[in-house]
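Each in structure tokens, the structures are laid out below.
Look for chain A in each of the two complexes below; its partner is chain B in the first and chain C in the second.
And then the complex of A and B:
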């Protein structure tokens, strides 16, 4: 969005209609899959091009639970061990296998939004339960999600609210509910924090479960965000969500996640999505549908306007090559690259955008791609890289290999000299598997590879 | 062969190294430096230690003689220990033995009650204020930090202007318009791996010269960052050599990071700013043990570092500044912890500090919303560091005039 002329909101959120000037093609389909969830294989792209954008988005939003049982069985086995670090491996496995990548991507989005770290919580079962809560509402009702999270044991442990007594209200959860979860900084006062904290007194954990302790609850009147009353039960959460700042805050964050890192979308662009969230009683899936079908989403304002996260880069590469790998190893690599699943850096989650990038993470990304692609446990549709390229991608020559790979993995077209150099790497002498690995590794070092 | 290979060949033959990465047309400064013999008389260096989460200043530099301290801290008040007295009825937390040792050697300046007007109680907002010296403004995000603005005006002859040591995201303080500050997780990981014949290295190096410049978009940001990463990786690799020190650092992350900083300073790296973090100060519950452990780590690591740079002859040009985004509420909460507060002490350590207490002591009888009122604006500390340590005018960096404090000695 470097263009400075204002964007017409009506045009922006109207449904994109393929035309001769703006044809629906493999490049746009790859953009859609990269943003919605971790990229797509060559075969999926061809299928998507044939079906058209509207149908593909509808499909992405459709819940499928074919693999749910298998995933739960895997999770049970890990939970029996009790180590939350193993959970990260489970989630990587799910991301690689899932038939519903948008659901998984949005679950990751909410994990960053309601950031809770196993570093402090330490209880794998509580972290898993929170993850299930995020997934349950990831494309559903944000309102129900906030109500759920405010009684979620992992969150209460993380924000020091496992005990919360009338005489000494703990401000931590109250503050973050307004600052990070619902309204954003600047939309409440310090007094609101103190008064809201009183509303949550008596909300506590007992034997790892949420309970309301009426003996520790402050029944007096509180004045929160301009309204006075006793705010029984969870009424105050709906009062916070009724603030005009709430849907704007969530809409802005969704647009940043799905459309572009920079700049902050102007208010008039946020308003229609915020309005839709409010009118639909917080139906997030509906808002995401509008965004993913929009003119704006398929325009230069969105394409190649995000720095890819470590998950986008690694899981995206593997999914686009239909690969499986050592999930535990990849999970630990993600931690090194700054996106440890179940271990966000703090309650604000991952800032994303330019903050993903620094010298260590850039070298780390290149190193991670090199290791992943050469790991003997990484299998491409069950076989090795050479077989995959020949049999499933029909790419034999260096030129074919580079063209398929760049279309699969890059949002930015490569320059002619760069393409030539990649072809040169592909055509050097040596075993074919190592040749192909070297090309992928080289791609992983490119600045273009970090943009999606 | 194309022209890029020619340049690579040139560098290889000139410098006699086998895995040199060419860095575009403007390369060779850093390689010249790498070959030049380093001397120890480099420029002043600032090491920032960020205490993340909000350090409980009241339980770090403790007013043992104030009855209000005990009243407000029924379970967290620390009994006055022996031998850790500072002055005026103040003393260190017993775990902060390392800080007391530094003070005894005249190597620690304590600036009391540091903060800013209308304190913000959000970790992120308050940290951003410390990092950028700017309040939040709608529609105009803060893009640069105070150290980044300083670094943009420095020249370090091919070395990274500043270095961040840590695996977390880079602090906003280091964000600059034109300078990319590398983050280093560990020296071992800070290089391209996985292709033993250096094929990928050469490939990437050969591309760096093709970069477009100017446009402030994401791709050019990543391109300049990639160039900076490769350059810093080469330079740090070159600076890595056997490092000998008689000083024993404590075995924890902060100790390891400060040891690496000492190593890089001694290796002759021209970086002016090093940035490290110690996290965990957000002690809302069960504070006592956690906070004591952190103060122990901070004190032990700082005293080892100051001794180490002294031993290697760099003591006169190294200054450490340890700060936190805020202190904590005076009255403890029901979870045997403390909530977010405001003013807190800030520490400057090194051979050239004027040891002892500076600035007015916060008054426990005159609180603001339950918090200590600030006595010294943090931007006065920054002005001190910029003017009297790093040797630049502070106004362009801070955006306004702040009077420096008298806490540093001239070169002895």
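And then the complex of A and C:
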């Protein structure tokens, strides 16, 4: 996606077909799992290589219904305490254990898109209800998701829209609906904001539940984005989504999330995905499927072209090593690293990309990796690191350990001198568990580890 | 590697012994060997008997039967420990219980000496050969380990007055008669040896403080000991503990009187007694009622004669507390008890409370209306027949005697109603459920209750935490009950008329906990505990369920526990008791 080498959109979105020149292998499978859902274990990668990319992507897009009931029951137990920080720990736990990592990853994506912070909302149950809404539509209809979010109590509290009277229309939600949720900057006017705000008058919360107060709704004609009418119910949301800028805005954001942080995808590359969104009546799952199966996704334009978020770094590492840990502590650490779940920094969510990295967070990320890997509560497939490497990865020598680890966790191969250094760390005298932890910790400090 | 681990495990006891030519004919007690400058001393007179009791204890058999404990026995850590013990047993030719029986037949004592600031361990064997044999084996083990790991000779030896003293790290060890002496300070070791060889100077056993402590400590005890608190105060150790002030109202109410004693008492003894039926820990401190200044009269009562009322026992009781505390007097004496900052906070609180109590002086008129005999209960709630909160908390209540019941009763009633009205206004502003006031009257009993009203359509099995509470007050004669729930208030209003239950002799405070109820309350919240365990330990649901299940099963081992503060004529006793369940008759509900 560099300016010097324009990408042919037709080639880009055509399905990737493994060939001798571009073979489907463990490295590409690891890339797919890193982007789609926080990484995969050695065993999962082997299985994926055997099955082929198309089948693996189809599986990733499939929800597992049975899992949802158990997940909800678990969340209910946590919600009894009423603490949103516990909810963050719950989500970390779910991310670590879920059999549907793409669904969780896209729920996280929408959480950043429709950013709502428990710092202001404070009601854990409302935050959970929003999270469930995001998960319900994460791979489904964006249209239904926007309709749901417009009546979501947590969102309305966050945007100070708990009351919206016709005498004083609240512009917050109207502005964010166009600027941040559907169209992007430059695709609406201040007048559109004012008129759109009139459409949402009478939408309010009573005892933390959405209520339409017909007496406070402005029934007069409004002119929004060039169309005039009374816009009853939520018709105006469909009108906003019908704008040409809407599918382009969402398609561009999906491409940046799944393919590469930089540069901004050009219009011609965005157009086919935007067209697919429009044609499918906003089926996000279809668009994601196209992206994940594409030539572009499995090309150097995508591999190692994203800065990994704190969730990618920590949850990704643990999932790759089939590890479980103290989810409450990890959730708290994610906050320290700038990605507190349920606590996005502002209504724009996380900027992502290069903003994940600065001198402080870089050190924090490395420390988090070192801490996680040495935490006595971190267990690798139920056991210690040494047993896991020996029995489940078949890695005994320093060389084997480093080769497995780099393939599991890095998007780019390390240089020979660096590989030798890592092997030296793995073969130092001392208890094997500590040596292995030292290698993983050392990996966590590498620039290569920060990109995925 | 294994030997290295052994060294690490027994590191603190890196003890090697000489075979000394000076063998005493009869073993001497640890107190006969130690100097009188010891400031802390503890002794287990019969370790073999204690170990035998622990190994064959009914509780151990109960615990061993648990699946979670069996898994712990199979854990790599435990197996490693077992391997280390096996090596030691093989070296010394005896199983470890037998080793303890012979090597520590005369007891084990630990002591801290003031002038040298050293610690010493004295292990007295049944004869003088046993320590030498045991230490020779350990010496071999240490040396073999060092050789295997290419380390230098780990043991340094030197002669002191005909005794071989072995030094490993900071530890210095020698054998005196039947006893093995290990200390971290050469000066202390030399003094002990000099006293023994010269047969001169006063020993610890001859000191007045030791004898007084020995007399005061409960007999028979598995372990007994004492601390020379006068020496600690002079040395400036734990200044806050001996300062006599709590600087915190809650702490003051709980332990203010004990702090008075600690500031003056010359010593504190401890006796630990383990039997098949119970574990008892008794702390004793010489106490003179004259030490209690006017400011702490609220704690012990006039002339130190204040006594706790009987414990109130209710259905599904978790905790029963009775205590003597004149709260009004404490509140009015706050200026003598607390620092400026605390007094400022109390003044602020008094101002707010005066508003709540219609302008009445909180210390003088509100607390002053309550007698000093306090009874407090905590009980499991049963939600079998009604709405059920997601987290089920126990209910609790305070029962007091009103000094002028006829006059003050209407005041408390009005204040309670105002408080409920205030809570409803605040609750409405925050979208919280509302409280519905009600009143029941019969004969001389009156109950004013406030019950949360569930919203229409609410999940009656997963209500918010508020639904654990139905704040109530009750009146019966001159008694006032303030309760977190209507049901407990009702039960207590009927109960308080009954007097004369379980009055301990002159107890100042008596706390009794029912562990079966505790287990039941935890079991009521098993879902929450499992979920928390999953989050904090990273366990799967099955693993978390097993861990919580094991925890609840372990609680079955205990029947009840109590704490009692008893000011005797010249000794203040604080006694903890844990009564075990009998395996064949576990107390369950």
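Quick notes
The working rule: the second predicted complex is superposed on the first by the 449 of 452 C-alpha atoms of A that agree within 3 Å, B and C clash if a C-alpha of one lies under 4 Å from a C-alpha of the other, contacts with A are read in each partner's own complex, and residues count from 1 in each chain.
The definition used in the following text is that contacts are C-beta pairs under 8 Å (C-beta built on N, C-alpha and C of every residue); 3 or more make two chains touch, one makes a residue touch a chain.
Worth saying up front: this structure is predicted, and the values here are computed from it rather than measured.
Look at A:190: by the touch rule set out above, it reaches chain B but stays clear of chain C. Within the superposed three-chain model, A:81 lies in touch with chain C and out of touch with chain B [touch as defined at top].
In the superposed model, A:286 lies in contact with neither chain B nor chain C. By the touch criterion defined above, A:90 reaches chain C but does not reach chain B. Which of chain B and chain C touches more residues of chain A is settled by the count: it is B.
Interface residues of chain C facing chain A in the complex, by the touch rule stated above, are 389-391, 431, 455, 462, 464-465, 527-528, 530-531, 534-541. Contact residues on chain A toward chain B in their complex (touch as defined above): 2, 159-160, 163-165, 167-168, 170-172, 175, 179, 185-186, 190, 193, 261-264, 304-307, 336, 338, 345-348, 350-351, 354-364, 366-367, 370-371, 374, 412, 415, 417-418, 421, 425, 428, 438, 441-442, 445-448, 450-451. Here chain A touches chain C in the complex through residues 70, 74, 76-82, 86, 89-90, 93, 96-97, 207-208, 323-329, 377-379, going by the rule given at the top.
Within the complex formed with chain A, the chain B residues making contact are 121-125, 136, 138-139, 141, 160, 164, 167-170, 180-185, 189-195, 199-200, 203-204, 206-207, 210-211, 215-219, 221-223, 225-226, 228-229, 232-233, 284-285, 333-335, 337, 339-340, 369.
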